[in-house]
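Chain IDs A, B, C and D follow the sequence of writing; residue 1 opens each chain.
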Amino acid sequence: MNAHWVLTIICKDQPGIVHAVTGAIVAANGNITESSQFSSDDTGRFFMRLQIESNSPRTHLEANLRPVAEQYDMEFELDEVGRKLKTLVLVSKSAHCLNDILFRQRAGQLPIEIPAVFSNHADLASLAEFYGIPFESQEFGAAFEHMLRDYIKSAGIELIVLARFMQILSPEFVAEFAGRIINIHHSFLPGFKGANPYAQAHARGVKLIGATAHFVTADLDEGPIIEQNVVRVDHGDSKAELVSMGQDVESKTLTQAIRWFAEHRVLLDGERTIIFG
Amino acid sequence: MNAHWVLTIICKDQPGIVHAVTGAIVAANGNITESSQFSSDDTGRFFMRLQIESNSPRTHLEANLRPVAEQYDMEFELDEVGRKLKTLVLVSKSAHCLNDILFRQRAGQLPIEIPAVFSNHADLASLAEFYGIPFESQEFGAAFEHMLRDYIKSAGIELIVLARFMQILSPEFVAEFAGRIINIHHSFLPGFKGANPYAQAHARGVKLIGATAHFVTADLDEGPIIEQNVVRVDHGDSKAELVSMGQDVESKTLTQAIRWFAEHRVLLDGERTIIFG
Amino acid sequence: MNAHWVLTIICKDQPGIVHAVTGAIVAANGNITESSQFSSDDTGRFFMRLQIESNSPRTHLEANLRPVAEQYDMEFELDEVGRKLKTLVLVSKSAHCLNDILFRQRAGQLPIEIPAVFSNHADLASLAEFYGIPFESQEFGAAFEHMLRDYIKSAGIELIVLARFMQILSPEFVAEFAGRIINIHHSFLPGFKGANPYAQAHARGVKLIGATAHFVTADLDEGPIIEQNVVRVDHGDSKAELVSMGQDVESKTLTQAIRWFAEHRVLLDGERTIIFG
Amino acid sequence: MNAHWVLTIICKDQPGIVHAVTGAIVAANGNITESSQFSSDDTGRFFMRLQIESNSPRTHLEANLRPVAEQYDMEFELDEVGRKLKTLVLVSKSAHCLNDILFRQRAGQLPIEIPAVFSNHADLASLAEFYGIPFESQEFGAAFEHMLRDYIKSAGIELIVLARFMQILSPEFVAEFAGRIINIHHSFLPGFKGANPYAQAHARGVKLIGATAHFVTADLDEGPIIEQNVVRVDHGDSKAELVSMGQDVESKTLTQAIRWFAEHRVLLDGERTIIFG
């Protein structure tokens, strides 16, 4: 049986890229099973994601791609389709996002493995335990971040998910792991930044509330948006009901963002994301 | 055949209101065919909307309601179900909202009559003419507002619709017709206030764009929200495509807000709207 | 602090009902905090649901309502707002619906208590156990139904939820608990009845797939519909992906139906449901 | 300025196609600006749609593609991006779909030109006239189809749109123009086939109603589905209200299907459509 590869490419937009890349693939007996591309008018960059079946070893495929990458000054990344991304989940007290992630991960619907869940509270320990995942809690602060950084490096963490973590990571930490930290904000950004968005939404009397999964940057609630969803509310919904209805949207939105990221479907184009969904 | 009435009531929330009001209706041989009510925790106000079939004359119904209204210090309004509200539409150059309003009004789907369309440009004259509606255009400014005010009063206009009018009415004008001017803003407020929201949405990389129908107040884009809708967009949609996709959402949202207003389904609760949809 | 009651009423549509009912409530010092009503043109029946705050004891409220109920030949039901309905959940091997129900029940978002989960397979025992709920499994058949009937009666079960149970209950059983068994069908009924709806949906090439929560009747997949939702799919989604995407819709739809039922928001009007959502 | 081409390809799935096709494009100085592809597991066919900017003449591009097409036994079609497809619209008495098509066509949002509107009734003559489009009406029957066939051939019609035409074309006619006739059915197929779907939907008590744009085949309401949408309804919506709410969904769905077809985004894979949206 052939191996199945996912290849992502970013470079300056220019003619001939697709032909050159597919040439390298054909030469490795590769068959393209999925393909997406995008040329950004905003930044002049070209983005491509391919899935490739091939009986060639990885080294052969890479050896063929390397000269093309040099010629076009490409960043490229090659991974196995379905390989489970090492994902660290940070939580606080709210269970809904973590529950959704763990349920789907176990159901085989999320290509990630979760070596640990870290928290600033002990509340969700039993939920993690039910899914057989080590859980650590300690007060948030410089020591927490220090521990986090060490763990990420020693465990080879590839994705950090803030599943309603509710703490603000330091700019240094955020910069170090740029493009690898995904947060769920409980509003339809850019509306209702900051704390207590459901109370803001209630006060403003909006007719839809939403949630936004985004990359974390030093600019709070301003990082590139990966996914958003909304749900209809009305004047009769209390703040508590907005919170409850919003939780569904939060879980769904965060889980979708994680899935796309783990499948290498999320590429960065300046302040915006390309989603090859 | 019986007449069909719509009754809306606003007063301080207190026990016994529904019984007292329905007593007045029963005494006028009224049968309640539709009923909605809401008690606002935010303002302590009570809101009710009833539809009533009755063979009694309007004066009889009103005479029965008046002592109840006094007892409970109610504002109440009685209207015939389906009576066409006198509606003035203001437009600029964009046709999509006007087209939707006129088509549905003629199709019998909007209980309004439109004695005139006013504009600061002549572009949409032929569209209004096709639907047999007088169209006036003149440069926007103090004289325009003066003409508008005179017309509203002489023609007995009950609702003013800004169907992508794109001009800012004076605070005095807005205050004078408070609660009777509906605007469509081409973004999902409170995100992307002000000019060119689709360009802002593109730059921010949001995954859903929307439109907001709201009452106009002196605070630009801050008036009570009546209705909102969104549509999914992706990284590949250019600013021009956002505009085009957004137009559908704008028309639909504005038309819905007009329908609800004309059917006396929109009540004001401070900065928020109650929609008895 | 006052008690909070929910009152549902069904009778022949006729003038004076609301006034008479609210009179009985006023006489018991009741204040109506939520009200919905509907007159069915199809069956000529009148439906009402009220929430009432009152410092009177239940017996007083009932004593006041009884003569009104007799006069208008009403069925009425009075319950405490938020009282947890005794709910039995039947499952087979699929975990997604059960997981959603148990998570939300524990999170306080579903006003039910679940004294037991029954199944024809042992697969979901540990999930029930994590939530501290007794789990029984035995082969499906006459003995299973017998055990079920006994349990329902002895435990005072008020609602039976088929959370992807995948077995066909006998007509006798279904008739005995008519209006109290809710099933989730994994298609947008009336499309794709029967087995394997996702395979049917794939073959037909539909662009949206859905799920339907409905009351179980002897007519398979034909019982009154309580709630439906859909999700967009495309040509690239395999049967397995339809199943996975559909699961979200199934959970959400079933949980919503349970919530509405437990809050006495679902009334039957012949083959259709009235939802006072 | 370069020309902008759209190329669609269908052939048996096999390795090397993309490389071969892009090679032909590179050799004609082409730059790929948009690309979609799909390998069908159901039929083993490969589908691709490319947009290409090139300063080469059409003949050059075609000459390069022809040997590749022969080698891989491809059907391919090359067209100019944005060329207006010659589209004939058939209507009966309902205006909503025609109004939407004509408005968007004039607004530049639909890449079609409409040389004529044909009908079996005169009702929509003035609407067509407002948009300056010739309108013909005559009784439906064999003579109507004969006239239709002659017109389609003499005018070079590429797409026939049944915009709530409500007449059943003969199997011979349908076969002759297979894959070029799009109909809007006013239900969410496969639910509620045949006449009066809104009455069926009301009787069944569904919670969402929908519309389906599909290719017409001899099997009524069974042709390949292009697009579907739904809208939420409730027990209080009468049959007339379902009709009115459904009209919005019908217009939107049909217009979207026309746009995709005109942009060569709709390919046929047996009984299913591939939509490169």
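As a working rule, a residue touches a chain if its C-beta (ideal position, glycine included) is under 8 Å from a C-beta of that chain, and two chains touch if they have at least 3 such contacts.
Quantities reported herein were computed from a predicted structural model and do not represent experimental measurements.
Asks: Would you mind telling me which chain pair, C-D or B-D, is linked by more contacting C-beta pairs?
Replies: C-D
Asks: If we define chain centres by averaging CA atoms, which chain lands farthest from subunit C? Would you check?
Replies: So the farthest one, by centre of C-alpha atoms, is D.
Asks: Starting from the mean Cα coordinates of subunit C and subunit D, work out the distance between those two points in Å.
Replies: Distance between chain centres: 41 Å.
Asks: Would you kindly tell me how far, in whole Å, the mean C-alpha position of subunit D lies from that of subunit B?
Replies: Here the centre of subunit D sits 36 Å away from the centre of subunit B.
Asks: Could you list the positions in subunit B whose residues touch two or more of the other chains?
Replies: 34, 236, in rising order.
Asks: How about subunit D: which of its residues touch subunit A in the complex?
Replies: 14-16, 18-19, 22-23, 25-26, 29-37, 39
Asks: Quick one: in the complex, what on subunit D touches subunit B?
Replies: Residues of subunit D touching subunit B: 34, 95-96, 99, 103, 107, 109, 130, 236, 244, 248, 252.
Asks: Using the touch definition from the top, list the residues of subunit B that touch subunit A in their complex.
Replies: Touching subunit A: residues 38, 40-41, 188-192, 203-208, 210, 224-230, 234-236, 238, 269, 271-275, 277 of subunit B.
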